[in-house]
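Below you'll find the structure, written out as structure tokens, and then a few comments.
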Amino acid sequence: AQARDQIQVAGSSTVLPYASIVAEAFGENTDFPTPVVESGGSSAGLKKFCEGVGENTIDIANASRKIKDSEVSACAEAGVKEIIEVRIGYDGIVFASDIKGNGFKFTPADWFKALAAEVVVDGKVVPNTAKTWADVNPDFPAQPILAFIPGTKHGTREVFEEKVLAAGCEETGAKEAFVASGIDAKEAGKKCMAVRTDGLAVDIDGDYTETLARIEANKDGIGVFGLSFYENNTDKLQVATMSGVVPSTASIASGEYPVSRPLFFYVKKAHIGVIPGLKEFAEFFVSNELAGPEGPLAQYGLVSDPELAATQAAVAAETVMAH
Amino acid sequence: MTDAILPNVASAPASATKSRSLLEVDSHTRRRNAAETRFRFYGIGAVLIGLFFLVALLWAILSNGLTAFMQTSISIDLHLDKAAIESAEKSVVKTSKYNEMIGAALEEKLTAAHIETGMPVKDLMKILSSGAASTVRAFVLDNPDKYGSTVPFDLLASSRVDGYLKDRVTREALANDKNLDAAHLDIVDAMIKAGVIAKTFNWSFVFGSDASDSRPEQAGIGVSMLGSLYMMLVVLVLSLPIGVAASIYLEEFAPKNRWTDVIEVNIANLAAVPSIVFGILGLAAFIQFAHLPQSAPIVGGLVLTLMTLPTIIISTRAALKAVPPSIRSAALGIGASKMQSVFHHVLPLAMPGILTGTIIGLAQALGETAPLLLIGMVGFIASNYPAGVADGFFSPNSAMPAQIYEWAKRADPAFYERAWGGIIILLVVLMSMNILAILLRRKFERRW
Amino acid sequence: MPLSLLFASCLLIAALAFLMGRGKAFKSAGGDIRKLHSLPGYYGWNSALMVLLPSMAALVIWLAVQPLVINSSVSQMISTQSVEASSLDLIMSDVRRVAEGLNKAVEAGAMTEAEVSGATAESMNVRERLGAVGVALGSDVSNETLQAAQSYRDLSATSGLLRTIAVLALALGGLVFGVVRTNKDFRARNTVERVILGLLIAAASIAILTTVGIVFSLIFNTVEFFKLYPAADFFFGLTWSPSFGGGSDLGILPLIWATLYISLIALAVSVPVGLFAAIYLSEYAAPLVRSVAKPLLEVLAGIPTIVYGLFALLTVGPLLVDIFGSNGVLHLGWMQGGTAVMTAGLVMGIMLIPFVSSLSDDIINAVPQAMRDGSLGLGATHSETVKQVILPAALPGIVGAILLAASRAIGETMIVVLGAGAAARLSMNPFDAMTTVTAKIVSQLTGDADFASPEALVAFALGMTLFVMTLGLNVIALYIVRKYREQYE
Amino acid sequence: MTQMPGTIKAAKMTDTKISARNVQVYYGDTHAIKDVNIEIGSRAVTAFIGPSGCGKSTFLRCLNRMNDTIDICRVEGNIDLDGEDIYDSRVDPVQLRAKVGMVFQKPNPFPKSIYDNIAYGPRIHGLVRKKAELDEIVASSLQKAGLWNEVKDRLDGPGTGLSGGQQQRLCIARAIAVSPEVILMDEPCSALDPIATAKVEELIDELRENFTIVIVTHSMQQAARVSQRTAFFHMGNLVEIGDTQDIFTNPVDKRTQDYITGRFG
Amino acid sequence: MTQMPGTIKAAKMTDTKISARNVQVYYGDTHAIKDVNIEIGSRAVTAFIGPSGCGKSTFLRCLNRMNDTIDICRVEGNIDLDGEDIYDSRVDPVQLRAKVGMVFQKPNPFPKSIYDNIAYGPRIHGLVRKKAELDEIVASSLQKAGLWNEVKDRLDGPGTGLSGGQQQRLCIARAIAVSPEVILMDEPCSALDPIATAKVEELIDELRENFTIVIVTHSMQQAARVSQRTAFFHMGNLVEIGDTQDIFTNPVDKRTQDYITGRFG
């Protein structure tokens, strides 16, 4: 078996653009070879990551969500006991529609009323019958509801459900009404996040290009995008505000814009010292020159982490996750 | 015995047609001929439907992808100052220091061309690709003898500027864009006039390597083309002989019993296994069990081999079945062994069918992405050319369809254009592969 | 001796054996090949195979066993506390890396053999020295690692020598054996053909191995899934709606329904079009038309599926809505959005045309001319001949082609995702959006759910179920073909 | 020579069924049939004899335009059936072939059941309305071809599972089943044993009452037994044609004489 | 009947080349050959006659184990060639078939050139060392089969482009080319004209000097002309075997008598 000399990274396709920008720069600016960054999803990446230690396993897993406890223990069982968690920043999630169409100023409540499977009307739980945005909120134009939301495979879906639908559910008081209708709080929570299935909410299992293509095919559609994707396609899309806040790296970093999620990568500590350049890569990734607010990652659309310095320190010290 | 029946055959139906002239077509025949004509038209229609869709698809591909073959670049003259280079080499992100040198040179160039910018250098640099610095640095490291001299560079323009020259980007479109402003376009217009900026044929798209999301203008498909080539080598070298050998055994030698039925059903079933499942198998068998390297074309080739085998076996078996048994008897009858009769007579006659299966199998393998996802060939992989032939099989690489798939997902529209351009190249490769097979097939084709 | 050289020498010996075997056979027949049992070439091949078979088998076994043996003996040098601190696997890869680096350094002349064997971690900065010859190490080398690496090198060298000797000895032994055995009455052809038959059988069993491999790579996770999720709900559930928080509904029925529905539509497009195209090309078209149109149609099979997916999404879907939608030409209101089973089915059908047309064309072409003559001579029209004589005669092959197309339809994802959508639904309306088993295998496998959760593991159960299902369909297809097959001549 | 039906029957036929004038056939550049002129009498049996490769099959195939199916084959000249040019553009070869049936040199049963082999022709020509009628035709055709007793219990068995001779009789039965006006037979008995041959010859004799029959044969005995007129071909030329009796007893041409007086009486 | 060589030659052959004892052949459940015992003499021609479907071809194919290739075919009993059981497990059927060549009922040339059709056998059996020798074999085989003059200018043309009779002669030439000890011929002349038939019969007569020949024929004249011994099969049984002369003049069994005294002398 030949010794592997490049770093192997796998995981989230959301993190992939950032990781590849860093990998490219790492290859150009150091004597180490350019790391290999596979995509395939957070879960698949973590699964590979947790297969064990050794040269034929990957060194770093990218994830667009925090690693789950169950995954940590699965990792430990396979011998991956020491994991360094690195948060690189945040991914803003924005709502955008065709550039030539109507503009929207949303609140989570609007989305709940538009997409929930069941809503509360006059205190009664009834199936959602709203057909146009005007049915939801009289301020909106009578544009048919057609929402392209992330499919159930995407982590973004979870964020959308929790930060938009569930928030809207509470905001409108629907959750209380659900509980009042005789189900327990947990069930009510589930109901808050149940999306209607009559075709007005379209699951997208592909990526943002697919969502964009669907909006191009049907101009009434409103899609869920990552901030960086939107910023690269401002000629085709107009972004909606959420609770009055325009999404941008700044408004998300400050916490004003509510819909975002953290992005991570996980390093196998055991591989540091064995795989050449691994620690250097991790440090390079979170350095101010790259991950800082002025760096290329932010330039591309990453919301840089206000607590980057702490992260840098943790990487330098090889601090592993507690479990 | 015959006398009893003879009259009725001779009289009844025959007399009906007997008197009729050949020159007038009776209604039954007319109906049949109409059916014949219809049938023929169905055939022509079917071929035309197929060709129509082919043309429609090719049109879509060409109209979206041809622009990828041109690329905008800017020529500047850069003075390679030894001190500046040495200080740049000391910093963490060395390329950012080179950017400063390039910025200065660009400004100089514009001033020389009498173009008024009124823009800070940092903003002005948005016209250039963010990969410009690494291009310069690579040159500098390779040519230490050029220190102190002034070298002309053709640096890539940024993807927005390139889009502007390709009519994809307009001033209105830049309204909300933070990567470029309308003011830049005024400068670009002036630069075009001054001949500083120009579109040229994009060789680096054909031969270059993948680039990260921040510099679409630099991305090329060359390395992943090589990855595909290595994979196809593996597939061809393994799946054609193995597939043909398996078919020969099953069709010519295997006793016809339960066991061969099991194999037969098995093979047909493997054809229906989704390709991603072959990826799961490849990950388990080749990477986790056999410890072959991740992301390597050899593994991809092996997985695709397993995936194409059923296609080749099924078509080869059908072709072998179609060879008349009399050919086999003829050979056996003059004392050829079964093996000889198969290899000397049956196999050459079955060759057209085998080649068809191979074409379709390879086409499928060449365009497949899903299994590659699981063995790590999709993502940001194809960033370096392999060092040698053996390295080509074992070092990480992507493949054309994976590269295309990856580009199609990326945010910058310039990548979308490249995805279509990549499809054009994929089809060119595919067709040149087919032509060989078709020539061979024509050689073997014959009706007996 | 390096591997490639060893391999080359084996080939060389085999070539020699070929010549000697052939020559000896020749001589034993007194130069008259008529006296030989087999053609001289067979004697040559026989001897060559006697060289290659044992030596290559030994080489392969050696290559598989050597690392295991060396690793286990070297790893005894690693102290238990360093194993606890890291893992044996990693330390061993470090050891291998250092050993390889040392080899490289010696090769490059940066170090002498004596320097290498005498080196200790204190006396030399190994990391730096190796860095100079381009071998990057992850960290400084401990003495323990260095010593292990030195012993690894020694063992490898010894083992390499032994390997060379063993393999060459076997090769030469084979040469002697093969050549000695050669005489004019020796049944060389039978021996060679037996070896070839062995190879053929080996090739055929790869299909079985693949199946076993697939079952193995799916079964553990499938079992894991059924531990977490009730099998009855999976097989008989009518809803498919995974969710991250748990409590998902993972009923396979809507997926299976859509899979069959889409495949059916795809076949309804590709089989008639493909078959008619095949008939036209093989029976009616001029040779020139055929030689152009056939490969052109084959290009359809090579266009990446993502293109078809976009074609479905951007062209076919909107077109269908314009016809069947509520504001469509027909004012039917059957179709809500462009994404539908019909969209995906149609586009997939186009992709599958060459699968049916090319394979069927070859098979129709192979039906003997006497069949056509017989029918035409009775006054049948060409189309009657085709329909009633040629197609039945070509049936097994055509069914094979159709099955292949159906298989592709079942296994396709990209067109489904872009054409039919990602949300599962159980509906009779072909203009509704639905999704298939394969599409869901891909999405759950590449999704974001916890990899140990039922939402992710369900991919394996889906794969397994689909596997068993298509197996059943294939058994039925085989039975039908057997029943209706018609053999000519 | 035991028997010569031709001698007993009226030697001259009443009228001409087929007449060919200046027929030339080319396979690519090969000139296979050279300027053949012939008249074939109605309700009579005409035999074509001649050495192998002389063009008998080729000329026979011209008579129902089976040569149309060979790409490289080109036919020139005139062939009239009942006074109508069969190569006229208005003539439908399908209708022609229904009138002029053919039995080939190599037996070529369809890969179908025996029943379906026979039923095929009547079905495509719409000769029957009911299943019972079809059964009737199948049975009588097989009986006439002398195959009925051998296959009556296995009508559903495959036609390809028969012995060579059985297959050839099946093909004859198949041709009879569509009751054509002219039947072309290309060595129909070459695969048959004497008993089966006798049956077929008997059948030919019976069919002659109503049909015109052209038969290619290698057996001069057979030609003598069944035919009223015999044509001798040689190297693409029609050397001689005449009453069978005359040809065999009194050949005009030297080549004919050589051929029929070979070693065999 | 003009000539009967069997009467001139010594009626008893010197020794036995092939002897079959209690041979049974089944196609699946069909019992096609029933308990046949026969001795076939060396350097002599044995003819198999009998009505179509009686099992002549089937039995013939047992003699060089061509039946091995039919899955459903099962052979029981003993068949010895030169005293060695050809169904012994140690016997290589390929070697057997090189010794016992075969010409089939339907001509089946390879879709190759005429030259390659003939050259194939000598090549795989290593009968030649030089191209010149091969040319020699090809030419002499074609000459013996009476095809040389017709094809000598088109040896590179396809074997499938020949007329039916030419194809059959090609197949005979192909079988001769490997100079086997025994030649099995399944109706070799059924597609031939008299001249070609005469050539082949002459050839058979010549080959008899050195080879053992078994011929299936439908023509009793042919059997009488070329064979020394004749075996009559009926419904899978070997009814009678004896000197050709005796069989034709003095058949013992009623069935034989009925068959050969049909309508034809």
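In this document, chain identifiers A, B, C, D and E correspond to the written order of the chains, with residue numbering beginning at 1 in each.
Quick note on the criterion: a residue touches a chain if its C-beta (ideal position, glycine included) is under 8 Å from a C-beta of that chain, and two chains touch if they have at least 3 such contacts.
Note that the coordinates shown come from a computational prediction; the quantities given were computed from them, not determined experimentally.
Participant: Using direct touches as single steps, what is the fewest number of steps from chain B over to chain D?
Facilitator: 1
Participant: If every step must land on a chain the current one touches, say how few steps get you from chain B to chain C.
Facilitator: Steps on the shortest route: 1.
Participant: Does C-E or A-B have the larger number of C-beta pairs in contact?
Facilitator: A-B
Participant: Whose Cα centre is nearest the centre of all Cα atoms in view?
Facilitator: That would be chain C.
Participant: Distance from the CA centroid of chain D to that of chain E, rounded to the nearest Å?
Facilitator: 29
Participant: Calculate how many whole Å lie between the centre of chain A and the centre of chain D, each centre taken as the average of the chain's C-alpha atoms.
Facilitator: Here the centre of chain D sits 83 Å away from the centre of chain A.
Participant: State, to the nearest whole Å, the distance from the C-alpha centre of chain C to the C-alpha centre of chain D.
Facilitator: So the centroids are 56 Å from each other.
Participant: Counting only residues that touch at least 2 other chains, which ones in chain D make the list?
Facilitator: Within chain D, residues 94-96, 98-99, 106, 124-125, 178, 180 contact more than one other chain.
Participant: Which chain C residues reach two or more other chains?
Facilitator: Chain C, residues with two or more chain partners: 189, 310, 368, 381, 384, 445-446, 488-489.
Participant: By residue number and range, which residues of chain B touch two or more other chains?
Facilitator: Within chain B, the residues that touch at least two other chains are 32-33, 36, 326, 337, 373-374, 408, 448.
Participant: Return all touching chain pairs.
Facilitator: A-B, A-C, B-C, B-D, B-E, C-D, C-E, D-E
Participant: Sort out for me which residues of chain C touch chain D in the complex.
Facilitator: Touch list, chain C to chain D: 368, 370-381, 384, 388-389, 392-393, 486-489.
Participant: Under the definition above, what is the set of chain B residues touching chain C in their complex?
Facilitator: Chain B residues touching chain C: 32-33, 35-36, 39-40, 42-47, 49-51, 53-54, 56-57, 60-61, 241-243, 245-246, 248-250, 253-254, 261-278, 280-281, 283-285, 306, 309-311, 313-315, 317-319, 321-326, 337, 339, 352-353, 356-357, 359-360, 363-364, 366-367, 369-370, 373-374, 401, 404-405, 408, 419, 423, 426-427, 430-431, 434-435, 438, 442, 445, 447-448.
Participant: Per the contact definition, I'd like the list of chain D residues that touch chain B in the complex.
Facilitator: Listed in rising order, the residues are 81-82, 84, 86, 88, 90-92, 94-96, 98-99, 122, 124-127, 137, 140-141, 143-144, 176, 178-181, 202-203, 206-207, 209-211.
Participant: Taking the touch rule as given, give the residues of chain E at its contact with chain C in the complex, in rising order.
Facilitator: For this pair, the touching residues of chain E are 92, 94-95, 124-127, 129.
Participant: Help me check something: in the complex, which residues belonging to chain D touch chain E?
Facilitator: So the residues of chain D touching chain E come out as 2-3, 49-53, 57, 105-107, 150, 162-166, 169, 187, 190-198, 218-221, 259, 262-265.
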